[in-house]
Amino acid sequence: MSSTINAGPISLSVFGESHGPAIGTVIDNLPAGEELDHDKIYEFMSRRAPKKDGTSTMRSEKDFPEIISGLYNGKTTGEALCAIIRNHDQHSADYKSISSLARPGHADYTGFLRYNGSCDQRGGGHFSGRLTAPLVFAGAVCGQLLEKRGVTVGAHIYSIADAADIPFDPVNITAEELNEVKNRYLPVADPKIDSKMRKAIDEARTELNSVGGIIECAAVGFPAGKGSPVFDGIENRISQLVFAIPAVKGIEFGSGFKSACLYGSENNDEFYTDGKEIRTRTNNAGGILGGISNGMPIIFRAAVKPTPSIARPQNTVDYIKNENSVIEIKGRHDPCIVPRAVPCVEAAMNIALMSYFC
Amino acid sequence: MSSTINAGPISLSVFGESHGPAIGTVIDNLPAGEELDHDKIYEFMSRRAPKKDGTSTMRSEKDFPEIISGLYNGKTTGEALCAIIRNHDQHSADYKSISSLARPGHADYTGFLRYNGSCDQRGGGHFSGRLTAPLVFAGAVCGQLLEKRGVTVGAHIYSIADAADIPFDPVNITAEELNEVKNRYLPVADPKIDSKMRKAIDEARTELNSVGGIIECAAVGFPAGKGSPVFDGIENRISQLVFAIPAVKGIEFGSGFKSACLYGSENNDEFYTDGKEIRTRTNNAGGILGGISNGMPIIFRAAVKPTPSIARPQNTVDYIKNENSVIEIKGRHDPCIVPRAVPCVEAAMNIALMSYFC
Amino acid sequence: MSSTINAGPISLSVFGESHGPAIGTVIDNLPAGEELDHDKIYEFMSRRAPKKDGTSTMRSEKDFPEIISGLYNGKTTGEALCAIIRNHDQHSADYKSISSLARPGHADYTGFLRYNGSCDQRGGGHFSGRLTAPLVFAGAVCGQLLEKRGVTVGAHIYSIADAADIPFDPVNITAEELNEVKNRYLPVADPKIDSKMRKAIDEARTELNSVGGIIECAAVGFPAGKGSPVFDGIENRISQLVFAIPAVKGIEFGSGFKSACLYGSENNDEFYTDGKEIRTRTNNAGGILGGISNGMPIIFRAAVKPTPSIARPQNTVDYIKNENSVIEIKGRHDPCIVPRAVPCVEAAMNIALMSYFC
Amino acid sequence: MSSTINAGPISLSVFGESHGPAIGTVIDNLPAGEELDHDKIYEFMSRRAPKKDGTSTMRSEKDFPEIISGLYNGKTTGEALCAIIRNHDQHSADYKSISSLARPGHADYTGFLRYNGSCDQRGGGHFSGRLTAPLVFAGAVCGQLLEKRGVTVGAHIYSIADAADIPFDPVNITAEELNEVKNRYLPVADPKIDSKMRKAIDEARTELNSVGGIIECAAVGFPAGKGSPVFDGIENRISQLVFAIPAVKGIEFGSGFKSACLYGSENNDEFYTDGKEIRTRTNNAGGILGGISNGMPIIFRAAVKPTPSIARPQNTVDYIKNENSVIEIKGRHDPCIVPRAVPCVEAAMNIALMSYFC
C-alpha cells in the first residue's frame, strides 16, 4: 500500500494532493481516553509552517487541521482519528508551464510512469512536501501521548551545508534540552550557529540555488526492552517512517556510518550500574541493541537533500515527447527545507515510538 | 510481528535460534512455475559462510538448506516456500560462562528484558548473525527470479576501517561488473585493495579487537516506475529489510549523507534522452525519486558496525544481579563481519526488489 | 486494527462516529486512471438511504460524500481516495436518557468496556449502522471498476421473517437480472413478494418490534483462477468484509449449511465443457473451490438479525451502577434494516472482488 | 498472502504440500516464557488423526510435529515458533490416473488456473485436508495458553446428515462439558447419538458416497471487552480462520441464520446483574456485540460439506484437453470428515481468541 503503513499496532494513512480539495490522515488504534491539547498540536504543526523571513517559501499555509473523527469531549475515543486540512492559496498557474517537463530531483517523471499519467501533478500532487503536514499532525498527537508516558522527543538541525550545530550528547541529553530547541527560531542546540546557517540559506537563495542538511533526533525516557529483532526492530520501524519524508536520503543510528571506522573496543558501549539503573557509558548503539531499546536515549540522524526546486535553468526532458529540453521552475520554493523538516523527523520518531505503547 | 515482514506482496518469516534444532524461513507469495537452481543458491549462501583463512570464524557451518515445501519438480508451486537449515557444531560450553553478563554491543540484556528472561540466549539465540542464513537463502531465491526479469544485484565492500574500495559508478555500473565482484575472495571492485583490507582485519584479530565497514549495493535493469510515495517507497522497503541484518546501523541512498553538503544544482540529476531511453547524467538519487524507480541503477550503502564480540576483557554488568563486572568473551568470532555481510545486504535488496514483481 | 483492513492489496479505513463532525473512508491502492461516475455512486448510496414510507427510519440522511483526495479530472490518481460525509440532523436529545443503560443487542456495554468508557456513544458512535455509509461508498467505487472488468454484483432480500423471495439461480443468474433487482422499491427478484415483506415489516413496527432476514448476493463475470487457499481465499476475504456490517451474524457460500445434509454425490458440482468454456452443472460451491474462483457465479447469503432498537420496554442493566433496570428506546429506528443492508452486502462483495484486480 | 495470516498480533504461516517433504507452520508473536505440554499437543492433534474403524481413512498418519524453533527448556522464547511434520506413506500412485481430470468439489482445476499449472497436485498438494495438521498444531499451542488464562474452548458434532446432537447450552455451557466431549470416540454432547451418526457415515461409505455435517464450537471464560468494531471484530477474525479449513462453507454466530426469522424482542439478549457480574439471559449474540465480547460464551457453528472424494464415477472434464470425461477416484478417503474437522474448528477458535492476549 502506497500511503498506508502498519507501524506495529498503529495503522496510519496519509491522503491528499497538494492542489486537491484537502489533505489529511487517519490514525487507527490509538489508545482511548487520551486528552488532546489542540494548542500544542497547532504549535507543533506551526514549526513545520514556512517562515516569513526568506529562509523558506512565502506561502501562508493555513494548515489548521480539522479533527473529524475519533475525538469526543476532547478525548480520543479509541476509534480511527481522522484529521483533514483544506488546501488554499494554490497558484496552479505557476505550475502550468512545467507540464510534461520533468523537474530534476522531483517525482514528476517517476510518478507519471507509476500511475500511467493519471496522478495529479499540480504542485507535486501526492509527492508534495505538503503531504508532510498530516504526518506532522499524526506526530503531534503521538508526541503528546508519549509525553504522558514520560518520553520526550526532540530534533535539531545537525548541519546545513557546512554550518554544524553542537551534536546532542547521546548519553546525557535531557528532556529540557530537547524542548528548549523547539522554541528557537531555527531549531539548533547552539544559538550562535543560527546566523551562519541563515547565511548559508540566504546565499543559496540569492544564487537561485538550494542547500541540504542533516537532522538529528533523540528520545529520552523511552523504556528499555521495547522492540524486536529482525524485521520489526526499532531501527526498521523508525526508518520506514522517516523515509516517508520526501527529501530524506539516509538515516543512521548512534555512531552510524562512523562506526565503520571504529574498532569494536571503541564502538561497544560498556554497561555499568549505579546499583539501581543499568546504563552504558557511551551510546554508539543509539539506544538500540538487537532492535530493542536498552534504556539509553534513542538517537539517529537523517540526511536531507537540497530542495530540488531551484530557480536557475536546468537541462531535462519532456517525458511525453521524449525530447531534451530546459526547465525554469517558477513559483515560490524553500531554498532549504531542513528547518521545516525538523518537526517532520520528530513526527516520524513520535509515531514509531508511540506504536510500542498501543 | 518480530520476525515476519510483509514486503509488499511477499511475506517473509525468519525463525530459529542459533543453538536450537534448526533455523529457516518461509517465503509466501512468490510467483509459481519458477525453476530454482540449487547450485546457485548454495553458491550464493556459501559467500556468507565463514572463510578458512582467519579473516573470519573457524566454524564450519554446513548451512545447506532443505527446501521442504513450495517446490515441485524443481519449480516453485506458488505456495509458501519453506527451507530449513539444521544446526550443528554448536559449542554451547563456550557460552556457559557468560550467563547473565551482558556482552557489550550484543542484545543479551535487551533480549532478556524483551522476553522476560525466556529467550534462548545460547550463541545469541534468535539475535545471532546465524539468522542471516535464512535471509540469505530467501535473497538467493529472489535473486534468481530477478535475473530472469533482467535485474542484476551486486554488492561490494565499500570500506573496511580506512581501506576503501573503488565506489561503484552509480551511472554506468553494469551487470557484468556486479557479478565479477561476487567471485573474488573478498568482494571488492578493485582487487588491489584486498590485501589492505585483510591486513586491517588481521591487525584487529591480533589485537583481540574487531573492525567495521561499509557495504555498497547496486541493482541494474530494474524497470522505471515501480515503487510508491510516502510509506512504501523503495527506500522504505529496502531499509526495513536491511536493518534486519544485526550489525547494520545506517543506510543511505544515492548521494545520501553527502547530499547534505551539496547545492541543489549539484545534487539534482539532470534528465536527458537519446531519443529512446530517458536517463540522468548523474545518479545522486540512487535511482529513486518519490519512492519510485527512475530506471537508473538503484544504489545504496549500509554501515556495518565492528563485531561486538571481542576477546579482550570488557566492563559490563550482570543484569540479573545488577552488579558491575568484567566479561571475557571466549569462543570463535569474526574480527570483521563485513565480508560475510555483503551477501546479506544483497539478499535484502533482492527480496525488496523482487517484491515488486509478485 | 479496528477499522482498517487490508483486503489483499486494497487497504480500507472507515472512520467516524454517528454524532461526530463527519464519517468517511480512505481507500488505498486502487488502480490509477479510472473514471468515476458520481451519479452512479450517489445512486448506489441512495439505495442504502432510508425510505420515506415507514419501512425504515424517517431521518433524511444527506449522505452525499465529498471526495477530498485521490481523484483528479474525474479519474482516480492511484493515490489514497478519501471521501467524507458530514453528519447532520442528529437528535442527540433522543439518546440522552439511555446514558449508561445497555441497549440489548447493541454494543453500548461492550464498547464501554473496550474503550474504558471513552468512546462516543451518541447514536451508537462508531458502532452505528451509519458507519456503513462509507463502506457503501467504497463499494460503489469498487463496483464501477468491476463493471469495467466485466464483473457484475447484485444482491436481493432472500427473506424477511417468513416472506421468502425466489432465490437467485446459482448457475444461470445474469448481470441483467442482478441489475434489475437494484431498481425495485424493495430489492427482490420476485416483485410479488414485495407486499408480503412490507406487511411483515409493518406488523413489526406496529407491535413496537423489529424483524430480521437473509440477503443473497451474487457476482457474475468474475474470472476463474483468482483467490488463494488457506487464509486468504475468496470466502475468507468476503466474510471478513461482510462481518463489518453490524447486524450480520452468519454467512454461507453456495449450498452452505444445506450442504451439511447432502451426500457428496449431490453436493459435488460436476464439471462439463462445451468445447470452449469449462463450467459446472450445479453450483453448490458458490463459485469457489479451495478459496479460488472456478468461473461460475460467486454466491453467498448473509443472515441479518432483527434491528436491536425496539420501542417496547426491555429489561437491562445500568452498567456503571451495576443495577438492573428497564430501558425504553426513543428515537426513530428501522423496524427492519434488511432492505438497507442489501447495498452494504453488495459493497462488501464489491470491495472483496475488486481487490483481486489491484 | 495465500497461506499467511495476521490474526491481530499473531502472524501464522501454514506451508507444505500433501506429498512434498514436509508440512508445517510458523507462529510469530506468541508470548514468551509459556510452558508447552507436548503430550497435550499430541493428544489434541490425535483427535484430528484418522480413526481405525472405517469412519475415516485407513492411512496411518504419523503426524508428530517437530518443534524446531521458538522453544527452549520447554518454554516459548517469544520468537517465531516453527513446527514441521514429515510426510510419509503417500501412495502417489493412487493419484497418478487423475492427472488433469478435475475431481468435482476439489481445487484441482482452480489450483491449476491459479498457479499456471505449477502447483503440486499430488494428493491435493497445498489444498489437501492434510494441511489442517499444522493448523491444528497451532491451535493446540494456543489452546494451552488460553487454558492458563481461564479460557476453555470446545466443539462437538452438531449434526451429521440428519443425526443431530444436543446443542450446547449457549448460556450455561461449562468448561467441564466442553472438555468431556473431547474424550468421546465421536465428539458429541449426547453419547446416545454416536451410533446414529456412525450409521450415517457407514451407509455413505457402503454406497461409495460421503456425508457432511455441522460443527458447533464454544468458548467459556473469555473476558468481556475484547475485540473491535467493523473489520476486526471477533466474528471477522474467527471466520477468516475457520474458512481456512477446506470443507467449511458457512459460519454463523449465536442464533445466526435463525435470527433472520426472529423478532427483535426475541433475538435481543436482555442484560441482568446479580450485583457482581453482568450477563444476558439468552445468548443469541453468541457472546459478541459490535465485534466485542460481552462475557457470555462465544459460540458459533460451521457448515462442513460432504467429502468431495467419493468412489463412484463422476462426470467431469479434462481441463488440459478441455474434454468431457468421467473420473473414478481411487485411494482411501474419509466418507465423512466432520469428526476430524472438529479439532480443526477448535484450533481456529483457539488461534483467534489467543490473538487477543498477544
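The letters A, B, C and D name the chains in turn, as written, and every chain counts its residues from 1.
Keep in mind that, in the parts below, a residue touches a chain if its C-beta (ideal position, glycine included) is under 8 Å from a C-beta of that chain, and two chains touch if they have at least 3 such contacts.
No experiment lies behind these values; they were computed from the predicted model shown.
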Fill in: Chain whose mean Cα position lies farthest from chain B
C
Worksheet item: Any idea whether C-D or A-C has more C-beta pairs in contact?
Response: C-D
Discussion item. What's the distance between the Cα centroids of chain A and chain D, rounded to whole Å?
Written reply: 46
Worksheet entry | Distance between the centres, which are taken as Cα means, of chain C and chain A, whole angstrom | 39
Worksheet item: Taking each chain's centre as the mean of its CA atoms, how far is chain C from chain D in angstrom?
Response: 26
Discussion item. Please output the residue numbers of chain B that touch at least 2 other chains, ranges allowed.
Written reply: 1-4, 9, 14, 79, 114, 126, 229
Item to complete: Provide the residue numbers of chain B that touch chain D in the complex, in ascending order.
Response: 1-4, 6, 9, 11, 13-17, 20-24, 26, 28-29, 32-33, 66-72, 75-82, 84, 114-120, 125-126
Worksheet, complete the sentence: Residue positions on chain A within touch of chain B in the complex are 1-5, 12, 14, 102, 104-107, 109-111, 113-114, 126-127, 131, 159-162, 204, 207, 209-214, 224-233, 235-236, 239-241, 243-244, 246, 248-273, 275-276, 278, 280-281, 284-286, 288-294, 303-310, 312, 314-317, 319, 322-324
